[in-house]
Amino acid sequence: MMVRFDPGEERIAVTRNFRVWEGGGEYNVARGLRRCFGQRTTLVTAVADNPVGRLLEDLMLQGGVDLSHLKWVEYDGIGRASRNGIYFLERGFGNRGAMGMMDRGHTPVSQMKPGDIDWDAIFNTEGVRWFHTGGVYCALSPSTAEVAKEAMASAKRHGVVVSFDCNYRPSLWKASGGRAAACRLNRELAQYVDVLFGHEGDLLDTCAAASGPPWYDSESYEAMSKRIQESFPAIKVIATTIRRPRTANRNDWGAFGFAEGNVFESVKFDDLEIFDRVGGGDSFAAGLIYGLMEHKGLKWALDCGVAHGALAMTTPGDSSMATLGEVERLMGGGSAAVQR
Amino acid sequence: MMVRFDPGEERIAVTRNFRVWEGGGEYNVARGLRRCFGQRTTLVTAVADNPVGRLLEDLMLQGGVDLSHLKWVEYDGIGRASRNGIYFLERGFGNRGAMGMMDRGHTPVSQMKPGDIDWDAIFNTEGVRWFHTGGVYCALSPSTAEVAKEAMASAKRHGVVVSFDCNYRPSLWKASGGRAAACRLNRELAQYVDVLFGHEGDLLDTCAAASGPPWYDSESYEAMSKRIQESFPAIKVIATTIRRPRTANRNDWGAFGFAEGNVFESVKFDDLEIFDRVGGGDSFAAGLIYGLMEHKGLKWALDCGVAHGALAMTTPGDSSMATLGEVERLMGGGSAAVQR
Amino acid sequence: MMVRFDPGEERIAVTRNFRVWEGGGEYNVARGLRRCFGQRTTLVTAVADNPVGRLLEDLMLQGGVDLSHLKWVEYDGIGRASRNGIYFLERGFGNRGAMGMMDRGHTPVSQMKPGDIDWDAIFNTEGVRWFHTGGVYCALSPSTAEVAKEAMASAKRHGVVVSFDCNYRPSLWKASGGRAAACRLNRELAQYVDVLFGHEGDLLDTCAAASGPPWYDSESYEAMSKRIQESFPAIKVIATTIRRPRTANRNDWGAFGFAEGNVFESVKFDDLEIFDRVGGGDSFAAGLIYGLMEHKGLKWALDCGVAHGALAMTTPGDSSMATLGEVERLMGGGSAAVQR
Amino acid sequence: MMVRFDPGEERIAVTRNFRVWEGGGEYNVARGLRRCFGQRTTLVTAVADNPVGRLLEDLMLQGGVDLSHLKWVEYDGIGRASRNGIYFLERGFGNRGAMGMMDRGHTPVSQMKPGDIDWDAIFNTEGVRWFHTGGVYCALSPSTAEVAKEAMASAKRHGVVVSFDCNYRPSLWKASGGRAAACRLNRELAQYVDVLFGHEGDLLDTCAAASGPPWYDSESYEAMSKRIQESFPAIKVIATTIRRPRTANRNDWGAFGFAEGNVFESVKFDDLEIFDRVGGGDSFAAGLIYGLMEHKGLKWALDCGVAHGALAMTTPGDSSMATLGEVERLMGGGSAAVQR
Amino acid sequence: MMVRFDPGEERIAVTRNFRVWEGGGEYNVARGLRRCFGQRTTLVTAVADNPVGRLLEDLMLQGGVDLSHLKWVEYDGIGRASRNGIYFLERGFGNRGAMGMMDRGHTPVSQMKPGDIDWDAIFNTEGVRWFHTGGVYCALSPSTAEVAKEAMASAKRHGVVVSFDCNYRPSLWKASGGRAAACRLNRELAQYVDVLFGHEGDLLDTCAAASGPPWYDSESYEAMSKRIQESFPAIKVIATTIRRPRTANRNDWGAFGFAEGNVFESVKFDDLEIFDRVGGGDSFAAGLIYGLMEHKGLKWALDCGVAHGALAMTTPGDSSMATLGEVERLMGGGSAAVQR
Amino acid sequence: MMVRFDPGEERIAVTRNFRVWEGGGEYNVARGLRRCFGQRTTLVTAVADNPVGRLLEDLMLQGGVDLSHLKWVEYDGIGRASRNGIYFLERGFGNRGAMGMMDRGHTPVSQMKPGDIDWDAIFNTEGVRWFHTGGVYCALSPSTAEVAKEAMASAKRHGVVVSFDCNYRPSLWKASGGRAAACRLNRELAQYVDVLFGHEGDLLDTCAAASGPPWYDSESYEAMSKRIQESFPAIKVIATTIRRPRTANRNDWGAFGFAEGNVFESVKFDDLEIFDRVGGGDSFAAGLIYGLMEHKGLKWALDCGVAHGALAMTTPGDSSMATLGEVERLMGGGSAAVQR
């Protein structure tokens, strides 16, 4: 969980005003599930108790996510021991891509250690049905990868569905082994994963310095998925967004999914107009998880994720401002005519 | 007349700031005729005398429309008896269409009754040349339909040209008979109409639950127009905008018109870039009325309406911010090169 | 619960931009108890299900108040049957007082009827310790007064403390009997009230057209309180804010309270600098209720209420943005020196 | 140097808020060279000493351009004798082109006379390598053309490279001979020019009332360039941007260049998305000058100019907010994918 | 008439955003009479026909002042021949006074000459009851003083009341004789003046370099007024505001008036809180003129002017945003309590 | 050097928008000397090379301070190794004091070590006349205290005047010994200090937990100064601001100074209206240093510092937006009357 500073139409390096939003891969999923899909969600994280932490609380209250598992950590008044993460992200325009800068060293969440959270209590007594985490959290520090593993194992023990978004970010792994280290970790965690957001390049032991996700068709996606499932039989569902940025303002957008030996391709949006692309993938995850939780089938879930992601990219901020009705209308090919 | 609350780049349900504009179908036409086309226009309506009403006055003064026929109604301090209408309208983006919400129950204008306005005095003594009203006003209450009929009949008696914009809005008719009831009313009023903005689906007695206006070519438009004229011989001119929303940001836009047995097709804008589509149709009406008042012929008038509507959709708010020079340049195929 | 439209430094009748906040007497108390004082609070009300209602939800989520008792009512698309209340409030400056305009006719909450809510279930099963309502809710319609009575009686039955803020608003009572009618109702409800926010003028059967609350000293307050308690022995605590507006920017501010035969005077702020005075009384109520719930004694509770109210008036919006630490520092005479 | 008043998404004639930027053809080049390309640049101009002049200073300090050659002229308190230039420029949208209005009469810079500046001292002692001026400055008054000539001659004497941007603006020449007069002047100055930004139409003695720059291919550009060089052998490099505005939001954009008998065509951007097209040409000049100063060859310099210009048009304001890294990435065909 | 650029809380020389308002001494009076006092007013002036002129029109339409006597002058595209005046004005804070900068050279209105306007037609046929002008207009150029004289003489001939606001501005007179020249002109015009806003220092032939207006008591004001009336018997009413700026935020504010041998002192506001002091004097004039036009007596008129001026200084912009009801409430000693 | 995030009228914990400024004790002094007093100043510091660092550069360019001694440090992409400092500061209102939160751990400047900067080169070859540093810089880490000592010693060797602002901040010293440790360091550095901003409490070896600076009169200040000079004979000038915050909006403000055995008291501002108090002390230092550099005497220098500080507190941001003329006018008792 971080505060996002957004310079709107200007750029980070020359603006004088920032709009703030909250963001964070796992949080965005929880918020989407709560605000668009009406599911109760909670967040397990730690926040330094200072005005920025209280701003995060204010933003997350607005997001509707339950905060009873937020751990407030004392602030040292200067930001040496532990501080709240922030990031700056401008949305790009045309040939100038979106650009972001993380400032998330020394956060309380990166200092979490196994044993800090009583996961069994959470999964056992609070009626949790789904647990979602991912590669961003795991990359914060060696101990967060341990915490993630501990949580996933506990969830698994209690029959809670586990989803994991590989979400490789070069800046996070730069100092600790890069993509190869990320893949190594992902392979280790794969035994606990039911639903994987990612692709072969996130798991391969010979994981090359591939820049960006590969581009699939149904056939190649099926082959890839089967290779994954062979090596990691615990994984029941694989889902991968396909995004091709023509410009910052226009992307091709869709997804593939694999379950029970079958490949599904979602509704596709060619030349999708983009307002702020950040959070599109997290909104996809939220929509897909909703579909699976509601037992709608993977094709429906993929469409729901892709439509939710598409709508999330029509508004500023990391999260979606869409309603379930709007998602369903877009899944059904609804036009952009005015409603009044 | 209502205050429009516009959340700009955000959405109604999550914004914290609204830009306000004034809007209303008939008003937008009067404003366009005044500010872009230099015609003197007046508005006959009623407003509750409270700060929101005074804000409406301030906005309408800026619009340049004469306010001497504004009827100020006492406010009860709470909004039970009569209140000023407002609406919320977000402009949409890409695959997310524009979306609006009316909050216009219990307005003074919906409580107007026949006899409240001395139409004969207005049409007889003030040199009025044109009277415009439409389906939105008629739908506010049973008595407003009566008032419209009374006004149109009076205009007709005094040789004032009457134009009527059918402008069917589902939300307004939901509780009072839907599209069928609207068509029934339109048929009754057709005897007073010289210039009709609409199409067959607004007048048919077997008017089906057609969603959205039909899509014409010259031939089908001619056939349709002739059918109308047969049934409603008083109608001299029929004009219909053709809008196909590719996305909220890009529409195809044009118009057909019919007069004296001939069909005209306006200049067409394919893939027109849209900033805020609201009010495009009203700006079309303003341009067309201007063309007809200036005796430029229906083809010119259609082009003028379409160009004015196109320009109105490049700016925020319901109304056009264009000048006559700009409209003429666009009618003439002017490019979007910078002028300085 | 209403959306507040706030023109900031400008005025309602001439602005082009509004900041929105949520507000409402009872809600403000619940929000203050939650955000400043860390108490869990819930709101029982009804909201029309349209984008403005969803904006209210977004604002209330940010406020942290539990929404599980929010009743969503279908919207008719136009605002005839039931609509969400809004109000416009400008904060005033110097010799120009704050000025507000309510537009809250036909709200779902004003259409609530006895039997709509299962109060016994709420008070019996959800661990409620305190119930707060007041004269604004009661004035919305004859049926809301009945609902309030029903709720207060139920709370009383279940041993829940009942507080009632008389909060007379001329605009609300104008059409239904004015101050005399309000007093009559208050007298009827007084049997259920443990903690009364108000003064003799809210209860008197000879209640004159007093403009504004009276100005007390300890002696006159004690006499007044004893007269109230004689007539209404159920009332255990009486609390009254004392505000003397020198200008819109500077007020004298304090409170008196009475309990168990003793009068207490709060810390007083003479010439208090005011940013936005709206909600000061509600924030007082929140602070006082907190003090009483924490068994701090009435003097402490009065000081807490007055300090919380004072801080609430240093920020825009109806509600406080203060923390408990800031309230305690101000109660203790803390200076306005910078903290860093 | 002028203050630009920018109405953002609205229009000059109806807005209530302006964002200010600094702008001016020659200045934009100097700013681009400083902020994007890290070159030290200075500006020789005159500014009236009043708050608007100080605002210009504040804006230019931010721009990083050295101000030691700024001449401060006393202000008469009312703007009769000499005043700072301003201009209003809206960015256009879709079919509505960008539109500007100059208010730059009576500026100190237009009152500069030969002899006011000791050009020899500047070029001799301050290590200047490049001098850039152009047609806008020359058009301000008869004396500025003289000053430009004096400066160019001095630069030439000291071995400083001279570039000249013809930059014909109808409004500036309207009262003093139009395009023919501009061409006449350009022909006179051509003897001092090493690098010419412009085309044949800026130099022809039979210069017709061509509207807009011509559209070249490699062949016609080579022929044109050779004709220029025959008549004006001092000119070593000719560079011409090619812009075809499809709409205000989308332009085709590229450039041709000629040096040592060879023609080069830059990378081309078809259907380039434009946020604010103003300053694109100046940013092209900055990039090209950088390339030539760094001895990268004309092809590289053209690409650099075109990419820098393209990026400058993705942000508001006249100047680029891009970094050298971004320019190089775009020259190399970099995609618009997010960077984080 | 000028566009005012207002940097809000910041300062002209460092801001990046300006709010625009319209302003001008005589215009502010006409606007106040129209919007607060409901009188029909018109403005005789000239405006250059460019987007800034159209912005002025838009602002003046909002102001409600009739524009049928606005003379549109062709713009030369660059601002050499004639241009619209602008000014920059920051409101000050505490010990930092409000500060303004005029940029109004070469305006069409300063180029008006006797004979340009058919004053007799205006005063004879349009039912004008009152003509107001003043020292600012007269100072624009030698010819504007002539035009003012011509207009005043014509008004006098047609029995129209003439008021004149001396309103000495050092910057306007700096180049043409300073205060002595202003006094000389005022003495010449005094024969046409019925109502004088000013004081002895505006008329004296030995007019010293007094800084700021003098500070009167009833006695000295009476003596001063009698001296004026002796020399200028045509003047029937003299009115003078008394403002003592303690800080930019707090002024003492009141007025003295003299008529038919009697002195009146207005209601006084000591330590009046000021938001934006600009236009206070013009709003005073509007209120006083209203009082005299309504035959309320000079004492009432003074109170009305002072209260209107006080309210005008509680809002941004040059003009009042007050209503007549608010003026009357403040004249009657109304408190700053909230109204809702 | 840090970016300041300023929530304007709202509070850090609930706002959605931040205005950014640059700030930092020593920087603010350099900026004031440059922008208000026209001195050339440079800053020796280190900044991480990321978009926030570039924003700092953009802000400092605007501030006019020379950046040639800025050391750019590589960024790790996540903020673990070194990151740019930021702080959040809200300005307070009335009884709610200004409140700030530092987030400046792990900054490059805190990682500077003796030997990193060639101070002798700077002081020897660049014509430096004055070196200013202070307690904030020294508190960043043990090594920064060493760097400060190294720089002060070098300055001293080269005859550069050294000033030192004790500027005790509890949050900075909390983890490293608190006030006692700060005093110990100050005593060690005192041998290099010519001009001390501070008081006895900053140097005492028995330095108690005094909260806030003491309140002096001339006599006690003289006694205190003499005690300091006895122990630290190198110190030639002592200067101490006296601020008594009545509320966040109103402070008493003045200063005492001591030189050559004499005490001077500055002009005093009682009940000074404050917009944003942050940076008042730094602006005082800038004004005093200017006075001493210009050899105006300590009384003049104190007045200059106090007036500059007073003006700096009338505008948002840490730094002054005042001009030298305004400072001199305020020193001379200038009123807050409008200037135009």
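Each chain carries a letter (A, B, C, D, E and F) given by its place in the written order, and its residues are counted from 1.
Heads up, the rule we're going with is that a residue touches a chain if its C-beta (ideal position, glycine included) is under 8 Å from a C-beta of that chain, and two chains touch if they have at least 3 such contacts.
Computed from a prediction, not measured in an experiment: that's the story for all the values here.
Looking at the partners of subunit D and subunit F together, the chains they share are A, E.
Note on connectivity: the fewest chain-to-chain touch steps from subunit A to subunit E number 2. Taking B-C and A-C together, the pair of chains sharing more C-beta contacts is B-C.
With centres computed as the average of Cα coordinates, no chain lies farther from subunit C than D.
Each chain's centre was taken as the mean of its CA atoms, and the one lying most distant from subunit E is A. Although subunit E and subunit F carry the same sequence, what matters here is overlap: shared residue numbers make up under half of all numbers found at their interface.
Subunit A and subunit B have Cα centroids separated by 45 Å.
Averaging Cα coordinates per chain places subunit B and subunit F 62 Å apart. Each of the following residues of subunit D touches two or more other chains: 11, 13-14, 16, 54, 58, 99, 101-102, 171, 323. Of all possible chain pairings, those that touch are A-B, A-C, A-D, A-F, B-C, B-D, B-E, C-E, C-F, D-E, D-F, E-F. For subunit C in complex with subunit B, the touching residues are 5, 11-20, 50-52, 54-55, 57-58, 75-81, 83-86, 88, 99, 101-106, 170-172, 174-175. Those residues of subunit D lying in contact with subunit F across their complex are 54, 58, 61-64, 323. Remark: subunit A residues 9-11, 13-14, 87, 89, 92-102, 169, 171, 212, 245-250, 277-278 touch subunit D in the complex. Contact residues of subunit A toward subunit B in the complex are 269, 272-275, 310-311, 313-316, 321-323, 326, 330, 334-340.
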